[in-house]
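To start, the structure under review is shown below, and the notes come after it.
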Amino acid sequence: MKNSKLSHYDQSGAASMVDVSGKPISSRSATARAYVSMPADVMAAIPHNTKGDPLEVARIAGISAAKKTSELIPLCHQLPLSHVAVEFRLEKAGIEITAKARTVAQTGVEMEAMTAAAVAALTIYDMTKALNKAIEIREIYLLEKTGGKSGTFRRTPAK
Amino acid sequence: MKNSKLSHYDQSGAASMVDVSGKPISSRSATARAYVSMPADVMAAIPHNTKGDPLEVARIAGISAAKKTSELIPLCHQLPLSHVAVEFRLEKAGIEITAKARTVAQTGVEMEAMTAAAVAALTIYDMTKALNKAIEIREIYLLEKTGGKSGTFRRTPAK
Amino acid sequence: MKNSKLSHYDQSGAASMVDVSGKPISSRSATARAYVSMPADVMAAIPHNTKGDPLEVARIAGISAAKKTSELIPLCHQLPLSHVAVEFRLEKAGIEITAKARTVAQTGVEMEAMTAAAVAALTIYDMTKALNKAIEIREIYLLEKTGGKSGTFRRTPAK
Amino acid sequence: MKNSKLSHYDQSGAASMVDVSGKPISSRSATARAYVSMPADVMAAIPHNTKGDPLEVARIAGISAAKKTSELIPLCHQLPLSHVAVEFRLEKAGIEITAKARTVAQTGVEMEAMTAAAVAALTIYDMTKALNKAIEIREIYLLEKTGGKSGTFRRTPAK
Amino acid sequence: MKNSKLSHYDQSGAASMVDVSGKPISSRSATARAYVSMPADVMAAIPHNTKGDPLEVARIAGISAAKKTSELIPLCHQLPLSHVAVEFRLEKAGIEITAKARTVAQTGVEMEAMTAAAVAALTIYDMTKALNKAIEIREIYLLEKTGGKSGTFRRTPAK
Amino acid sequence: MKNSKLSHYDQSGAASMVDVSGKPISSRSATARAYVSMPADVMAAIPHNTKGDPLEVARIAGISAAKKTSELIPLCHQLPLSHVAVEFRLEKAGIEITAKARTVAQTGVEMEAMTAAAVAALTIYDMTKALNKAIEIREIYLLEKTGGKSGTFRRTPAK
């Protein structure tokens, strides 16, 4: 398998930001998922009152990070996101994060969704880490993407 | 368990950047670990020649991200990092990332190490995702920290 | 009045970056105004020579801030600004700042104009604050916007 | 009154970042205030439930902006903030924002507190502007500062 | 020659981000060149093995900087780059850097190519400066641009 | 000459941010120089009136860039700059830029001075490039540094 099959490499094998100037502009979306695993007693401490819910801080962090994706991932294109949302589902021993991104552009938003999910997870970790050392971030992966030449992809979440 | 036991909350329960102005300046370090799981054939495609190794791009991305931690994680303090390193260990079905950060400051660098590991993992994902849809980011956690009032913490990596 | 009438909330009530992917691209502009109030003797100290005019520093700060709006305001969309200008009118007891922004995009530039005006005002404050403690920033508001579904809005400046 | 009496000018009159290398490191704090004026019906729409409170988004925006002050205000020094907090008081016809910043450094944090207050105000404006065109940002000023050569300053809020 | 002939000035002579809202969107490219001059023994120390090649760090730095151009150059427009590449040619007494940028936008990418070349050069300087004090950055200039109203420009590299 | 003699490489040869945690904090300064070469008629167009002097825009750009050095140069440490100044000397066929930076820290500010000089030069180029295609950036190098283990370095400017 040669270099040229990896993303982000030009013909000489040097890393570059792939040329998308010839690609059509189209509507694209992506959804990524991350999981923060934490003991039940930490879960119980996640507050649900108006002030100071860690999930609200994480939501804003994730949305803001989606907009910074091309600053963080060296070979990502800058994309004008038309929608970003971060949602949480509280389970007995952890929090499932779902991040969606959407754009109308020449390339896709997989990395934007992945980055939003990862930074939301890091923020939850930051805000709960004093409670318990067993907290950790688990599987971060793409759930779905639509649009672009490769079309729709859907994955069954790992269980 | 009350809000005040969560990090980053003041007495009224509002999110804030914790006041560390009274804490002594001391030498602190942290090491975090992330894992990118990928099928063996994708592993074989990770090139090792001078130009265009995804790991080198990921290394720089991780180091740069460590310096951006306080921009990404809303309640993190700005810290002058005195050292950052990102290392990789190639396994049969994935890449283990180890990120170390060090500072001489009033608060610790756990989030800087975690952020470096997470962004290095996202970068590897970005550069290999075209090869296979089964690539995913796995456990991101703290391996070790030293310094500060809570002293040294060490964890045995999950196996 | 329910949450859904506030901007930036999705159906479940969670904060999100509003989905504008279905909106048409159109030409939009906005003009905002801020005021820095300062005693007459401070006004007299604002230099007008080639080097070191605080207004020139404030102008650049305002223009640069307009480009950073989506980094500062969590739920703002990233917009490629096609024009930004910051102008000053010196009055007896203060400086009136007018900031204009323009784009061709799916959403408007009100926040870009507001942010440019606010940061220009903060910069003037920064550069004159050593002279007098009575300096303060006054009314920041939208003077005008054009384009988009809601069309043109014009406000008579407060007097 | 000559240029040299303005902050941020060197002997030749050129704008520069003032040399603080000879100043002692000391503990410093500052508190700034901003006001967002809005009709009573808009005030009633500010939600207080767990998800999607504009004040929580504004709080995070203000704290994050404090950390970005030296990127926004051209001649501000980079300061490692040891504490940032943003608080709100809801009145009948508006929201009073109080932002506090603290550092242990060679120069003060007035601009960090002012910037946090201003960006929190801009964020509230952003999230409510669809409800009513009469919303505006009012007086932004310094309430208090401590530390440094000029010592403590306290101002009675305008009423 | 009047102010109005300089870029970035409006009719009153004030600096502003030029209004491009009336310009057509078209495909544009630019190529810039920089040179890092270094003694032959420093050239010999530039490693070519997989890990730690300064050129790979400089390549990523240059690509990342191209995406930050509008943050660095105050009156530059934000442009969604569709391609960025940085290449190196090793000579006996220095390294020639070629940076290419491409966009589909209302204005050109000359500054993006220039910035990528300059920051790649600064990065090589940073990574070799400990070896020899005679290292310096030499001529940075535009080699070529295409697209836009002024059409194609090509320059013979200085020899 | 082995890798270990290059800056920014650890023992295994991997790029890393050098560990400075054991170095003493001391006062350090650096001065860098860049040159923008332009035909005499372009020089004559550089305006000297209050509004819109390209040199004032370049001065602010250079100072702001110094504060961003660690974001641009991947392996640079974050440094709290205690002073930055950018000065210009107009010659018959070009503009000489001198940038000074100062810190009290564990490592030096050579790259901050170099970056300020380079970005000031890029900004002048940006604001004059419409006038003449022969404008180019010339020698960027370190004029002087003080402080740190290697002590004072002074270079005679090239003539």
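Some observations on this one:
Order of writing sets the labels: A, B, C, D, E and F. Residues in every chain begin at 1.
Going forward, contacts are C-beta pairs under 8 Å (C-beta built on N, C-alpha and C of every residue); 3 or more make two chains touch, one makes a residue touch a chain.
If you're wondering where the values come from, they're calculated on a predicted model, not measured in any experiment.
The chain with its Cα centroid farthest from the Cα centroid of subunit B is C.
The chain with its CA mean position farthest from that of subunit D is E.
Distance from the subunit B centre to the subunit D centre is 31 Å, each centre being the mean of its Cα atoms. Centroid to centroid, with C-alpha atoms defining each point, subunit B and subunit C lie 36 Å apart. Residue positions of subunit A touching 2 or more other chains, listed in rising order: 12, 14-15, 49, 51-52, 56-57, 60-61, 64, 68, 71, 74-75, 78, 80. Shown are all chain pairs that touch, namely A-B, A-C, A-D, A-E, B-D, B-E, B-F, C-D, C-E, C-F, D-F, E-F.
Considering their complex, residues 48-53, 56-57, 60-61, 64 of subunit D touch subunit A. Those residues of subunit E whose C-beta lies close enough to touch subunit F in the complex are 1, 3, 5-9, 12-15, 41, 44-47, 49, 51-52, 54, 57, 60-61, 64-65, 68, 71-76, 110-111, 114-115, 118-119, 121-123, 125-131, 133, 136-142, 153, 155. Residues 27, 56, 59-60, 63-64, 66-68, 78, 80-87, 102-104 of subunit A are the ones that touch subunit C when the two sit in their complex. Subunit D contributes residues 10, 12, 14-21, 70-71, 74-75, 77-80, 105-106 to its touches with subunit F in the complex.
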